[in-house]
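Here it is, the structure, as structure tokens.
For clarity, chains are labelled A, B, C and D in written order, and residue numbers in each chain start from 1.
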């Protein structure tokens, strides 16, 4: 290997060379560093960086890896926590993914991450490698991945480019996730022109582990070996780094490096099994996945989190493309790779596992007793740094932010104020037409066309998945112990009020989890925003983080990890602030989960609406259908959300309800439709009591998006108990009607009747119509 | 397979069917091996893990080749897997006088056609998309090793999930399959992938080798099958156990 | 370095769903000159040394056994290409 | 009837998982002469009439826009074949 490499004609920039040639011009600007950042690197090192060091610092100090614009704000997630919230938290923010105790020796880890811009450039591979990356984060905690989810945001449904993006992203998520044997248990699909040039592809993975299998990314134990295994390293994802091609910085030889990464799901599947076997036999001390910033990230994080340092020989990396230079190897984002630390005694056993799974590996170096990360190339030192300065001491900025000048005008522009009341539906026929229009609209229509392309069965532990409120997976087959997860965000709400919008995202995902019957326990978030260098956007971001962290504290659910994705904009136009919040809930036994609709055998059960309905149409799906966006989002009331959650969980525990669906986008109209279509069983409801109690009309009752509400189906035998429970807690409740298995229709008494066939045709026809 | 951390482990229920040992083959890209093993156990049998690279059938009484993407299946589904050492053993045993019962599910079915244990082949779904849904099948032949616990003509609901599920064969082969009663399952209500003559599953002439695209192993436990209630897939596993116990093997 | 190219096409009598989809898409994009499309596979096998008769024979056999499935596909071409 | 053959290959610098899987399988089947495999696509476009320059131009454009994904693939060949 080394002989072959030695023939390469790189101008190897060693540490000695760097010290001796302080005035060499370095392409730090091309690599994305700012002048002050470059000067900081020189100060840290006491000399100019070598080409390889420059490569490492530039990727590790990028916004993506260093969180330099958000670090000062993200701290709130760690500060606004009570002892109670920390109780079950085994690993918090900062590691690859947070870990929460589930009881009985089980733990769960989950995380959500973005792969937005790669998915716009090459939708299939971008989305596929998004799934691949987040799954490796989960493996690196010592867990077996057990499910994935995919919150998505696309441009306008009828924009020509949406064909390319939607087809590519959906088949990419399916193509990768399905091949890994991970059920897809939910997600989101939103269409809005604001995402046209910048779709959002977020991916979530969840894994389970026994407490004793927990692994962290650190390199400890002097003399322990460092190994890189999985796929070979190619030039993937370093298109922008081509300035390093010759490492002599004369850009006369532009190298041809693929800017997109191509995923190999089979390699990842094998990597999962192989890692689980390593964990089971306790063969690794520390482990780290390779994602953004590749080997730069893995070596510097392992070394800085451990006790000692690390020494690595870079020519020992197995390459797919032998022309790669040291800097490029350090920056490469080739997929399906892992790095681990192994004791010398375990080397042979480690190699046996690799042989069994036919996985390639190479020993790169070992843990040392000083605090340096030293990387050599054929024995010559090309990197000699304090790994903490690479991994943790990146620049931190207090970016200026201010409430945008236009925010007041936006909030003053209410829906009621802007539309002529005469055009609002009021007769039964008009209301029916509006309901059919709503449930067929791009955002509210059935997502079956997408979710039918995802395997939801594999593993045999999926207890709920799309279209239910939360995905539910069983963790322990014996006890039924399990988890529920839901992801939510409403970019329009957050645009209208960044603070409240982020809280509403949490409120909805919390509510979804509770609706399924699980006890909300932890949060992961993916903050998708525009450029932090724009003070308007920075304000949205600051408000979003403040809002979310305050709300987590109030609901008692800690943020265990997440991801920030910035610069989501087309030209100067930022996307709506989109803080996607994933809430994870615990189940003592998933057998008692509550589905989001009633079955035929629920005939005659009573249908109740929990919560109060106000005139809240600003930012709603109905307003969106009329092309309006302004005013204030629905009011946040976290105390009520908590109470509603308790009611839904208790009702599930005590067998008081057979179905439950929370109200969110599209309000009561959407919820009733979805509950009827869930198992194709009709209902008769009346809105009169509700309208009278809350002082609203039928239109508002159907389309308002007031929070902290849910519809439930209660068996006749449980009605007294149910009402007692709700009454005792003083929660607003009204009986809407009954499940009617005979009628084959949704009847809103005195207003309209829509047959199940009509509803289904409207709800399920939209995506196939656009996407085939 | 079973030597890996299963999500929970539970012991084999003791019924009169226990004792029969059903092998479940794992290739590196196999996905549904745990589910297939669960199906075997829930039916009362003992699931035995068979590794693709091994040559020892470990004396199993029947074999399930579960779904997944054997070796990635980038070339053709099942194309590379068919050459695995374990497959050589299985092919021999299936063709031997003992007529080892073999069930190929989805990718397993594709492997069986590549191995020429079953005729025809699978190409991409006519709509070109991966599809996952609950599917109704009609049991056209209830005399095979894997279907004897169903009634003739019985309609069952089990999940379907695949990308390359369109069954193709030339007309002569199709006519032969029909004439010999070797069309074991047909899609009902909707042909989800364009398969010739709505064929969802077939058998070899002796009836010991059966392949189908839909997934019985995902419909063995109430709460986790079609519509969260269905357990129609269990019949596949009780069928083979019944045949083995009945001594007809 | 020499390469051996192996071309595999779906048999004419087998429906080719991908080809069919392309035929449908072409006119929508303004390509009206084509009456049918079939999609097959092209493999490029890299050979380290010289392409001897034995190597070519291996390629032919690999083409028939592994790279194609004779039930649905034909090997239409096995050919040496020099760069 | 004349056909136009379009050959599309993954760009050399792009990972080709399909080719990788085949390379892994070949030696197990006794084919040891090949040091690498890449898998691409071959399209055969049927032309009803004559293959004029205009038709060929359409084929070339279809190759670049519909039949290949320029981000990860190269069109390596567009060629008329007469039967």
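Annotations for the structure displayed:
FYI, contacts are C-beta pairs under 8 Å (C-beta built on N, C-alpha and C of every residue); 3 or more make two chains touch, one makes a residue touch a chain.
Chain by chain, the UniProt names read as follows: C, D = Phosphoribosylformylglycinamidine synthase subunit PurS.
All values derive from a computational prediction rather than experimental measurement.
Two chain pairs, B-D and A-D, are compared here, and A-D has more C-beta pairs in contact (counted per touch definition above). Averaged C-alpha coordinates put the centre of chain C at 8 Å from the centre of chain D. Centre-to-centre, using mean CA coordinates, chain A is 35 Å away from chain B.
Each of the following residues of chain A touches two or more other chains: 264-267, 358. Under the contact definition stated at the top, the residues of chain D that touch 2 or more other chains are 17, 21-22, 24-25, 29, 39.
The set of chain B residues that touch two or more partner chains comprises 71-72, 74-75, 80, 83, 127.
A list of each chain pair in contact follows: A-B, A-D, B-C, B-D, C-D. Residues of chain D that touch chain A in their complex: 10-11, 13-17, 20-21, 24, 69, 71-72. Within the complex formed with chain D, the chain C residues making contact are 4, 7-9, 19, 22, 25-26, 29, 31-48, 54-55, 58-59, 61-62, 65-67.
Every residue of chain A that touches chain D in the complex is listed here, in rising order: 121-122, 125, 231, 234-236, 256-258, 260-267, 320-321, 334-335, 358.
Of all residues in chain D, only 17-18, 21-22, 24-25, 28-29, 39 touch chain B in the complex they form. Within the complex formed with chain A, the chain B residues making contact are 4-10, 28-29, 31-32, 34-35, 38, 68-69, 71-74, 127, 129-133, 159, 161, 163, 215, 217-218, 220-221, 223-224, 227-228.
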